[in-house]
Amino acid sequence: MKAYFKVRDLDLYYGEKQALNKVNMDIYRNKVTAFIGPSGCGKSTFIRCLNRMNDLIEGCRVEGEIMANGEDIYSSKTDVVNLRTRVGMVFQKPNPFPMSIYDNIAYGPRCQGLKDKKKLNEIVERSLKQAALWDEVHDRLHESAMALSGGQQQRLCIARAIAMEPEVILMDEPTSALDPIATSKIEELVDELKKDYTIVIVTHSMQQASRISDYTAFFLLGEVIEYDLTSTVFKNPSDKRTEDYITGRFG
Amino acid sequence: MKAYFKVRDLDLYYGEKQALNKVNMDIYRNKVTAFIGPSGCGKSTFIRCLNRMNDLIEGCRVEGEIMANGEDIYSSKTDVVNLRTRVGMVFQKPNPFPMSIYDNIAYGPRCQGLKDKKKLNEIVERSLKQAALWDEVHDRLHESAMALSGGQQQRLCIARAIAMEPEVILMDEPTSALDPIATSKIEELVDELKKDYTIVIVTHSMQQASRISDYTAFFLLGEVIEYDLTSTVFKNPSDKRTEDYITGRFG
Amino acid sequence: GTTPSETTETTTEETVETTESAATGNIFVYTRDSSSGTREAFEKAIGLEELTADAIEVSSNGDMITKVASDVNAIGYASLSTDFSNSGATPINFEGVVPSSETVLDGSYGMQRPFSYVTRASGDFGSDDKEAIIAAFVDFLVNSTEGLQVVQAAGGEVDLSKSTPWAELKKNHPIVDQDNSSLTIVTAGSTSVEKTLTAALEAFQPMAGNVQFTINQTGSSDGHKRTLGEEKDSVNAADIGFASRNFKDEEDVSSALSSGVYCLDAVVAIVNAENTAITDLTAEELAGIYSGEIKSWADLGK
Amino acid sequence: MLINAEKVKRNKAIDKAARMFFLAMALLSSSFIVILVLFIFMKGISPFLPNYQYGTVNLIDFLFGMTYRQDQKLYGVGFIVINTLISSFAALLISLPISVLTALFIVKIAPKQLSGLMQAVVELLASIPSIVYGVFAAGVLTDFVKWLASLFNVTTAGGSSLLAVILLLAIMIFPTITSMAITAIGAVDRDLEHASLALGATETQTNFKVVLISAKSGIFAGAILGLGRAFGEATAVSMVAGNKLYGPTFSLFDITKTLTSTMLAGLKETTGLDYDIRFSVGIVLLVVIFGSNWLLNLVKQKVGNM
Amino acid sequence: MREKMKAKMQAKDTFNNALTYISAGLGVLILGSILVFVLSKGLKGLNFDLIKSNYWSENYLATVEESYQTNELNDEHSSAQGYYSTKWGIAIDDTLSAKGEKQLEVTYVSPNSPFAHLLNATAGENFEKPLKMHTGYTIEKIDYMTADGTIGLAGKILAQDAKTTIETLDKASTITSVYFKSAGGGIRGSLIATFYLIVISLTISLPIGIASAIYLKEYAGPTKINSLIRQGIETLTGVPSIVYGLMGITVLFPVTQLVGATTTSILLGGLTMAVILLPTIIRSTEEALLVVPKSLRDASLSLGATQSQTIFKVVLPCCINGILTGVLLGIGRVIGESAALIYTMGTFINDNPTILSQGTSLALMIWSFMSGENPNFELASTISIIILAIVLVLNIIVKLIGKRFAKQFV
């Protein structure tokens, strides 16, 4: 079992304010890794480091090292656009583009210059199938994606990420805007997807983390307090603060 | 021990949507009553019924009865303005008016037509002292209130409410925007104030509820699930859902 | 010094009684802006040295009529060609002479001025056709019976007896028998000539193969400037320039293809139509009013 | 693998070019102000330079002179500046309270339908071209002024007067200030109002004592904008200003002359001193506008801090 | 005591409320009186011909077709206004032209009248082609010959009114030539010029404005230069349009000279308007960009799109409505602008404007009348109505767009 990401001594600052403090972590291939922790502890900040989405935030400064697949992603040589095609991302609020379902999925490949109609059709079908959405939408691929329900939209976003054939999918609270039924569909999907992809998921629900993840990292005030197999973190936490958090004593 | 508020079969609707469902509750004089419950359960909605601040919300409809000091506050004869002078309110976010500290405190009395300089001075001094703010601000009463720290601003808001010499002070999450030190100052203040006032406080922190309140009501989906002495609610909840909530199993 | 002031009051009252509709207040003096040829002609005719600073400048003949018509105490001046009927302003006599075509043409009406024109220099029109059509138009405007009729109808004072029918003059201008719709006559200079000039150009157009025209009148001082002067090759270049006065010495017209006077115009002093007491003013009186020495209608005639 | 190395390279080049293009356009847009000021300054300064071909004007006489007579070659804009300041500030004085109260009415007091209607009225007023205001002023305001003057036994120059200018400008800046005030009042934190109501203040007390005070900085910004518009309004003003040759004008029924009407008055001239001097007047206008903006912004910061 | 205080407070509240009602009422009053004034003065002049026809009259010189020359008509059936000549089958009335001058307006022409069978006498392509006198045309001058061979003249140029003209005409036995005009006072040329102006100014200011807005919102960091750029654009907003006019004539005129302009021109006006519109376009685009949720940009970037791809493929399509709003506001501004254009376009009303010729927009046309030799309130008001109608329609569209826009991302 090899690590896809190797994070070493990662510090992150928003202007003066330090948001991540000496984070060290290996994230393993074809596993689901969950990040939990109270609000504002840096989960989103950290997950966005993994595909350099933080670059866009003004005043954000990163120190330390993240190796993805053996390559230092913060080195000046790294092509960010290329990195992001390999490390896809799904966000908290479903955010389909205001275009048709088909165009949403085909967006990424098209941006890479793919124009071949047949290939695009293939990609769209495969992605939607993988995201368990094909049956629901195959007869209205050219209707607006905005007309889908929240849960469908989120699966569309996952399909959109899959269309790029990434190696990793990052998910930042992908179900927190969804109802329980849609949530459980996404959870099933995650379980399905980990065969092919490395998955990192931020969640504010400890139940969800324990249900779907293989590894769990507990963040507090920008630090990783505990990172271990999910079962260990939930049943035998080694840190008092982890235990307090899991039993709901704060947060 | 007599109840200040007697709430009977209170239903509240926002348009079509029911936000409170058959609430029955007696709120006792010179006690601190805390409302807890997950987000969206109706705590704010209920506390705002007690001084009819809900009147301002479009489409809000109230059924049932609330007696304050023996008078039905939803009867057509009730003078809302007068009710609010007796039942003061402090909000989640400190919201001083953009004027001087002095003018903030004197605002209420002035609105009632009080113009006597000496009396106003007296009121300002007494209110600030009661709100434990006098020592910090007495030398800059005529500077802008916006320059105060968050905690000071919140105490100013409390002082502003006290200046009206109300019988009840309602507080909706008064510390959730404050840091721990400011929070503990407010908590001390609440403890002090209950000698003179009946206090109702909404909080999202169970710890805070157990620390400062005499009675606690647990809300869920617009219903009061449990209402009892704070010690009973936290140590011996009679309802399974209360226990689940208190132990952090949901919410 | 109480007695004189008392007498003043009595006389004022008397005037009011005898001529009911006389204005008695302070005179509001209206004048045209400083680039106007009408103003120049007027000031010259009354021998004005320095205009009162209280004068109100208006920007056009029409503006002048409107202002005088809406102000009982106003005095102003306008072109005789203006249609005064129902305008609310009335022209008055000058030095006892009624302004009319006859008095203007025979020279007895003193406040008159020529409308002069000047063209570009021969060979400076850009094309021969252009030069030919300009020559034809000038001939039409100045000499033809048809042209003079039009100018007269538009308010210019001309002597029709000295005119020649266009049918004869036309023989010298073969250009008018071809399609000229691609040629444009550009005019510049005095705004006062605008009415007569427009009428003449419009009448000329169908007689001269639909020649086009652009009328760009801005003020007499631009007439020479834009045809022969410093602006002749600028943005504002024109083919024919006009002035509502004679060209000055410094405005050398000797190089022009043609120049001269095509009609006369009279400037008339005007007062509000309700101010019927005033029917005649002398140059001296007008000068007094315009220099600010006579401030009130009541002071007139003393 | 979807990545096509060549395409990616091209994409990158395009990305870079696009960025440069956007930057260039932004630079171009903002450089217009520099170009504008520079050229107008160059042209406007020429009449004061010693080798000016049409006869030099003395800068001091120009700036502080109290007579502007082209016929006598007297160019003093001192009184015109004063006139401009008087008419614009007076217009602001009239318009500001009315605008603010109207905005308050629209946002807080009027029933929903009426409020929508009033908002439409304000927007419509804002979009009426100034030339239409000018036609209206020349046809209606002047008559009103004449009538008013007759009540005081004063005669006016056909209604053209300082008062007509002030009324016209007050009307013209009303929608500007009102819509800014609407935004400012709408942005007042509902919490503040609730706090006031919870203290037993009535709605009206809340509106006047809390809402207006909280919105003051936005309202002030609206006032600055309105004043700027009043200073710069040209066509409509020149239709009712009259054209006083000296000044300043303090009497409401007397005619006046503003910087903008001066710039339009000599319009027919297109060369020479009378032409160039317009640019000098333009500079003075810009200085008046920017200067008063700067000053008022200072005041605003002082007021806003309270 | 308390009651008294309360009554006093209530009275004060009522007074304050009343103040706001009065203020709002004033606004309505102003709008109302502007509308009433403009409509009362201008409504009767409003008709479709106004839009179709030229400002300057068409001038015609014509002869009568030989076969109709001696025709004795004796057509008694005209009920048209004015004076009717049974002999010549034409009715004429005294009216005022759109420019406010006296004229002899043709109110009826019998189909058999010689005046319905004229031949064009103007050299050029229409020479000797049939020509017809229409109602609404005005008669300037008619040359005729009586039975005994004397030559005579009739018409406006002879200072005759309609009655005299008809009486004179009845003495004639043959018509030698007719000089007449089509009705003028139309705004066609100004409409076309306005249209040119809109197209020119928008084609220039849209790309520059949108690109600037994109730079400011999507790229610009908080550097000194960027804040300078921002400040520069903001300052442009505060410059009065008359000063833009000065800028146009000094800075932009040489630019138009490069493409062959010799005078102030519609092109110059358009360029000047483009600069005036820049701040408007930039602001409305910026506002539209603000509404596009950040999450869409994030989504695009996380899919490996470059920033420019994100902007062109996702962001811009989302703010098309905002840009459209800017366009409409811009059109409104162009239609209403006068001060800047007086300097840059001239005030000559041109019936056949080209991009490099002078011309007047509708607003400028009003200015031209109002400051010209014959201020004409009626025509000015009529044009004002047209301008107001256009502006009103634009505003309604902007409103509708705004409503749809607000819903777009919810």
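In order of appearance the chains are A, B, C, D and E, and numbering begins at 1 in each one.
To be clear about the criterion, a residue touches a chain if its C-beta (ideal position, glycine included) is under 8 Å from a C-beta of that chain, and two chains touch if they have at least 3 such contacts.
Note that the coordinates shown come from a computational prediction; the quantities given were computed from them, not determined experimentally.
Asker: State which chains count as neighbours of chain C and simultaneously of chain D.
Answerer: Output, common partners of chain C and chain D: E.
Asker: So, comparing C-alpha centroids, which chain is the farthest one from chain A?
Answerer: C
Asker: Which chain pair is joined by more contacting C-beta pairs, B-D or D-E?
Answerer: D-E
Asker: What's the chain with its C-alpha centre farthest out from chain B?
Answerer: With centres defined by C-alpha atoms, farthest from chain B sits C.
Asker: So, comparing each chain's Cα centre against the centre of all protein Cα atoms, which one is closest?
Answerer: Centroid comparison flags D as closest.
Asker: For chain A and chain B, what's the span in angstrom between their mean Cα positions?
Answerer: 41
Asker: Centroid of chain A to centroid of chain E, CA atoms only: how many Å?
Answerer: Measuring from centre to centre gives 58 Å for this pair.
Asker: What's the distance between the Cα centroids of chain B and chain E, rounded to whole Å?
Answerer: Taking the average C-alpha coordinate of chain B and of chain E, the gap between them is 63 Å.
Asker: State, to the nearest whole Å, the distance from the C-alpha centre of chain B to the C-alpha centre of chain C.
Answerer: Those two chain centres are 85 Å apart.
Asker: Scan chain D for residues touching two or more other chains and write them down.
Answerer: 11-12, 202, 205, 267
Asker: Residue numbers in chain B touching 2 or more other chains?
Answerer: In chain B, 111-112 touch at least two other chains.
Asker: Return the residues of chain C touching two or more other chains; collapse runs of consecutive numbers into ranges.
Answerer: Within chain C, the residues that touch at least two other chains are 59, 66, 191, 235-236.
Asker: Could you list, by residue number, the parts of chain E that touch chain C in their complex?
Answerer: Touching chain C from chain E are residues 56-57, 59-61, 101-102, 121-125, 140-141, 153, 156-159, 179, 181, 253, 262-264, 346, 348, 350, 358, 371-375.
Asker: What part of chain A is in contact with chain E in the complex they form?
Answerer: Listed in rising order, the residues of chain A that touch chain E are 51, 53, 56, 58, 81-82, 84-85, 88-89, 91, 93, 95, 97-99, 107-108, 111-112, 157, 160-161, 164.
Asker: Over in the complex, which chain C residues touch chain D? Could you list them?
Answerer: 25-26, 28, 30, 33-35, 50-51, 53-59, 66-67, 70-74, 191, 218-219, 221-222, 225, 230-231, 234-236
Asker: Given the complex with chain D, which residues does chain A contribute to the contact?
Answerer: Those residues of chain A that touch chain D are 79, 81-82, 85, 108-109, 111-114, 164-165.
Asker: Which residues of chain D touch chain E in their complex?
Answerer: 11-12, 14-15, 18-19, 21-36, 39-40, 43, 97-99, 101-102, 104-106, 109-110, 118, 121-125, 127-136, 138-140, 171, 174-175, 178, 202-205, 207-208, 228-229, 231-235, 239, 260, 263-264, 267, 278-279, 282, 285-286, 289-290, 293
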